[in-house]
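Next come two complexes, and both contain subunit A; in the first it sits with subunit B, in the second with subunit C.
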Partner chain A sequence: MSLDVGPARDTLIGGEPPARRAWMRVMSERPLMVLGAVLVALVLATGAIEPGYLSLRGLRNTLLLAAPLGIMAAGQTLLMLTRGIDLSVAMIGTAAAYVAGNQSPNGAGIAIVLGLVVGCVAGATNGVGVGVFRVNPLIMTLALSGIILGLFTQWAQTFLQGSTSVAPFIRTIGAGSFFDHRIPWNVLIWGAVAIVMIGGLRRTGLGRMLYGVGDNPEAVRLAGVRIWQVLLAAYTISGFFAALGGILLAGQSGAVDLRLAQNFLLPSVAAAVIGGTSIFGGVGTYSGTIFGALILSVLNSMLTFLDAGQAVKQVVYGLIVLALAWLYAAVTRAE
Partner chain B sequence: MTDEPALLRARGIAKRYGSVVALRSVDLTVEPGEIHALLGANGAGKSTLVKVLAGVIRADAGSIELSGEPIHPRKPADALRSGLATVFQDPALIPDLTIERNLRLTGVEPARVREGLEGMGLGGLDFDAIAKEVPLPILRVLDLARALVHDPQLLMLDEITAALPADLAERVFIAMFERRDRGRSVLFITHRLAEVLRVCTRATILRDGRDVAAIVPGEGGEGRLVEAMLGEVAATAAEASRAEPRIAEERVVVEARDLTSRDYLRGVSLRLRAGEILGLVALEGQGQDRLFDVLAGDRPSDGGELLVGGTPVRPRSPYDAIARGVVLIPSDRAQALLPQRSVRENLASALYNRVGRWFSLLRDEERRVDGVIDRLTIDTRAQRQARRLSGGNQQKLAVGRWLAAGFEALLCFDPTRGIDIHTKDQIYGLLRELSAEGAAILYYTSELAEIPLICDRVLVMYDGRIVHEQDAASADEAMLLGAAHGLQGVGS
Partner chain C sequence: MSATTGDMTRSVAEARRRWLRMHGWTIGVWVLLAVLLAWYATLIPAFGSFTIASIAKNSLQTVYLAISQGVVVIVGGIDLGAGAMMVLANSISARLMDGQGFGMSMVISAAVLAGAALLNGFVGWIIVRSRVPDIIVTLATLFVFSGVALMILPSPGGGASGGFRAMFTGSAGGVGTNYWPSLAALVIPLAAVSVWLRRSPRGLALYAVGSDVNAAYLSGVNTARARITAYAIGGAFAALAGLAITAITANGDPRFTNAANGTLNSVAAVVLGGIALTGGVGSVIGAVAAGVILFILNPILTAMSIDPNTAQVIRGVLIVAVMMTAGLLEVRRRRTE
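Then we have the complex of A and B:
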């Protein structure tokens, strides 16, 4: 009975023209196809504005930007699946990068590990707040973001004084390329993250529970899942990815300061939302987020060619999030 | 009676929620100056009718007249203006506000509520207390006092006494008598037949969304009331094939000794043995929900002992109970469903509740899930999202996830509510099979007819205690219903 949706659908959105309805059905059933089409269209449009863009070199710059964004958005995707969000990704990324920069004189290995540890600790703090003390995720992560900024502003003048430029190895993985300068190293790291994310969400018990917690927390609780454990894991992983993204960004700019990743918060949410992850939890894939990050990066290139400043870009990202939130709500209603 | 119009005359009231018919067609007449009982089994439509009269929901069909004038209450304020005040089943207060603010929010003068409360012996209530910290019985009386401020023509009380201790119930009756003596009327919903016999002048009985009888409770007594409420159900169940009598294993899987929890459980003792289906019967609000919560580890008990497999346990979360093999099928199947996930993921959802199993998928997950789908004949046509399944198939998922994960004792809370006969039958068969394989099953049902069909033994719960125990095969519905109403010697 549930398959027979024809008449019900007609009465539900009876006033809509058939073309729009068909489009919505494609949106809901083949979201990756739609995202791919949007991406290609954007690339071509950008090429029309700036013919040099349609070359390996032009695309390389887009990928270079997409990788840290996509990695930060990985954590965001995980948390949105659990009905959460991380407003501290940008600050965690910055803090991790700052530590990595500060420790660079001790060698790239130590710098990277310490940076990632900072991310995990910050993420776990969010996880304890949200999972154990049941603080609203928006509040928890926003507050932690403020705390980190304050602490690092202070520490930058005390015990984190010193080096603000990063080790050459970090610069290589952040900005370097291989295959004759065609493919950025950070895309390779992003690829590894993608494999872990896609495989993990599909093929592990934790992945199932992340979806479960977001879809119906009561049902997984009654199945014996201790939800705080799932949330702690999710926020810690998100902190790790934020740190990884931040360190790659530091490699790109070569030096760290406390504003390093500040423009990545909204895009990290936007990438997940564009990719079809529901802010209400339980629905979404990392493949979608990858497309989201790519689309935003192409858009960024396009806006740069159009001489739009950072302010305009943030307005555009904000509008995209709003428009998509509305669109996905409309698709869900139509179903 | 034809000369003077009735106070309230409702005709042909019908209401359906989607495909569920709550009220088919109900007529109800309340005369001035009477206390009128509205009776019926769980789900007969009593609360829906009250909500229609109170303007909370709109009926699909039917008419309502008040003193001969047609009224069309579209919101509670309309009903209140026409002289209909209601005390609903759940306290209508905002839990996080003080009593005083709650009263002001509804435009009632706290001083006048205070007067009413004084009349009922609760004049000392602290109005600065936060509503959620005030005990439920007090809130019920407060709700009543608030309704009385409007001095309504008709006061509707939906199970107000269910949560009240005897002394407070007595105060409520006195308030009802006072209204009757002043020519006002009361529509009184209760499950306690003794109260009906004592305070009501007439009773209208609902069954399956219809009014099936109007009775003067004094004439014929409890027997007639029970008969009218049960109707043909009693007859059909008697003819239906009963479960084969079996002898359960001696091994006790779950044992409760004198469990207490606030006012809900006042000392519950029971033994659930391997290989048996133990039925539990109770009217709404007798503590059965809390008993299941405690057994399933959802709430700790205040006192008494709980033993699983002979070992004393104090589960502090569902995980603790599940780790010992005690699993719950909740009353609301939405609580066991991942609506946006696939059928297969739903069935596997109880497999990964331990961190040790988070790092991959179980190697035999597919085999387990396939086994459950076959065994329960789950309809997999709409398997991409569980929310698209029918209610019966969703209920199968709630059972199925425990079949996939394994268990010792299954706590079923009204698992067949609102599902079709065919699926019900499948669930009966499945539970019989599981118990034959050695599972211990506790089975609460709001449908008495199910007891002799699938249970081996039956317990009756009333007011937080087990008040009656017998073989299910010889269970007589009238007897069960009588015991559930806290009466002795009703029926046969």
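Then we have the complex of A and C:
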């Protein structure tokens, strides 16, 4: 894309030991295999720390956490493909959970649908800002996040008052399990999201346009694509997934408050980055993001077994993101 | 863009238009700030030295963060970890200064500033060396720095000496009517950075790298040094914001929300202040005015007895509205050109 300049130019040309080069090739051609190996290693390490972890029951807790994270990271992946980012996923998820909690007395169906509608509306607002008015995605989604927080802090004391507990059905899909209490329901929903995401990105026109918009917006525009429509669709879908993740989280905790999803914002970006999606757009898959979400969740379990507090978790997450991003950058350059 | 020879009036008009396009936004932001300050003066019953001291003191944090983010954005990067660096400096200084005298506090401040510059310079080095996008690396530092702050100071606490507090606030108790120290703390660093950015070769290199890194490299600018310098200065100013909080509140607060809000405010100030996120355009003077505007909205809305949550909504809507207008103007300009 640009001239290859700068001090790091010569570091990877020639003089590379063959073993390292072969390893780099595996990483660039089969990134999922490497991610899978990292995941297995982490699971085994966690099992060594806490032997009870290596059972379906032990893994259940990890999956229970991974599903909402993976669903929120789905929207993040779509937007990063278009060179965007959504820093409002946590607040959109919380808002949807609030509305779902408020509507729970009217039945779980209505509650879920209205929650998802809130997510779509919020996402579409981001889409209009970014797609039509060309606001920087970082600013747009951060500002929307602030707006939603302000609105819902107020509404939580007025007409959304007392909407803290959610319907039993939402609790079941958020925290319940089937198959003798071993596999959480939310993993089933995540599976459906994964099928739609992977299939949609590969086979549909919109999926291909998302890659195109991120890869070369000018070419895509000259080919007759209305970029604002693609962006509007992408941000709306991201809002939908954020809402779905938020509702599942509400089901998991059984109650709603304004900090419900706040710990999921940065991990949702991290999951996509770990999975190999580039923030420069055009490169990435949802399969990678799935591994990213699983790796982060296993890591969370491991650190919990080690009695590490939130502080240590934050430091470890940060270093992992940095290390993997560096690895991807090195591999891409070696190609 | 060059005017034809002999057509002097046209070239003068052209130059005026260019000057307006370069500085129009900054001037607009300062005019808006003046209007808001005047409006605030009419809203409250007694606008005197106490109010001035309070505004100057309380906008220090936003101003330093705006400078911090501004320098980094001008070079073409973005520092999502700025808020976390502020919280880290606040936590360390509040913990170490507790029970210490003025002299020791100054030593601690100097060490914190130097450490922050080195640490963020190292972050800049990682960005240059690894070629990982700025936004990803600094997202990681946002996690890491705020995690370290929590390790150093697990819950809010600590303290500061009276002399150190007076340096930023004008009085040992942190509240008073002497506004000169706060104003000086506000103006001197801002002036130093602006002059350095606009007048020194190394400062101008930041603009060169921000507007086109390849062109800058090919014309002999040390691009790596410019980017690392920008991150180091950004780190020092973020830490200065943390020290200001320590001086004003005599307390350290390591909560993650503070870090996230600090970053959000700094990015908002920079963008509203006319520094383009693509780099190379704008001035820290505009960013600082925008930072003060974002701060002054709170007391104005409080004086109008508007709920703080509504105030947050209004701030968000304002940011989006300004950005949308700027976006529309840009689209129209591109169509006419």
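Operating definition for what follows: the second predicted complex is superposed on the first by the 322 of 335 C-alpha atoms of A that agree within 3 Å, B and C clash if a C-alpha of one lies under 4 Å from a C-alpha of the other, contacts with A are read in each partner's own complex, and residues count from 1 in each chain.
Convention: a contact is a pair of C-beta atoms (placed from the backbone, for glycine too) under 8 Å apart; a residue touches a chain by one contact, two chains touch by 3 or more.
Just so it is clear, the structure is predicted and the values come from calculations on it, not from any experiment.
Aligning the shared subunit A places subunit B and subunit C in steric conflict.
In the superposition on chain A, A:329 makes contact with subunit C only, while subunit B stays out of contact range. Judged by the touch definition given at the top, the superposed model places A:225 against subunit B, while subunit C stays out of reach. Looking at the superposed arrangement, the partner reaching more residues of subunit A, out of subunit B and subunit C, is C. When the two complexes are overlaid on their common chain A, residue A:317 makes contact with subunit C while staying clear of subunit B.
In the superposition on chain A, contact is made by A:134 with subunit C only, not with subunit B. By the document's definition of touching, of the two partners only subunit C reaches A:149; subunit B does not.
Here subunit B runs into subunit C after the superposition, and of 3-11, 21-29, 129-137 or 453-461 the stretch doing so is 129-137. The intersection of subunit A residues touching subunit B with those touching subunit C, taken from the two complexes, comprises 2-3. On the subunit A side of its complex with subunit C, the touching residues are 2-3, 5-8, 85, 129, 133-136, 138-140, 142-144, 146-147, 149-151, 153-154, 266, 269-270, 273, 279-280, 309-315, 317-319, 321-322, 325-326, 328-330, 333. Listed in rising order, the residues of subunit C touching subunit A in the complex are 78, 126, 128-133, 135-137, 139-144, 146-148, 150-151, 154, 213-214, 217-218, 223-224, 256, 264, 267-268, 271, 277, 307, 309-313, 315-317, 319-320, 323-324, 327-328, 330-331. If you check the complex, the residues on subunit B that touch subunit A are 296, 298, 317-319, 321-323, 328, 330, 334-341, 345, 348-353, 355, 357-362, 381-382, 388-390, 401, 405. Against subunit B, in their complex, subunit A makes its touches with residues 1-3, 203-206, 208-209, 211-212, 215-216, 218-226, 229, 233, 282-283.
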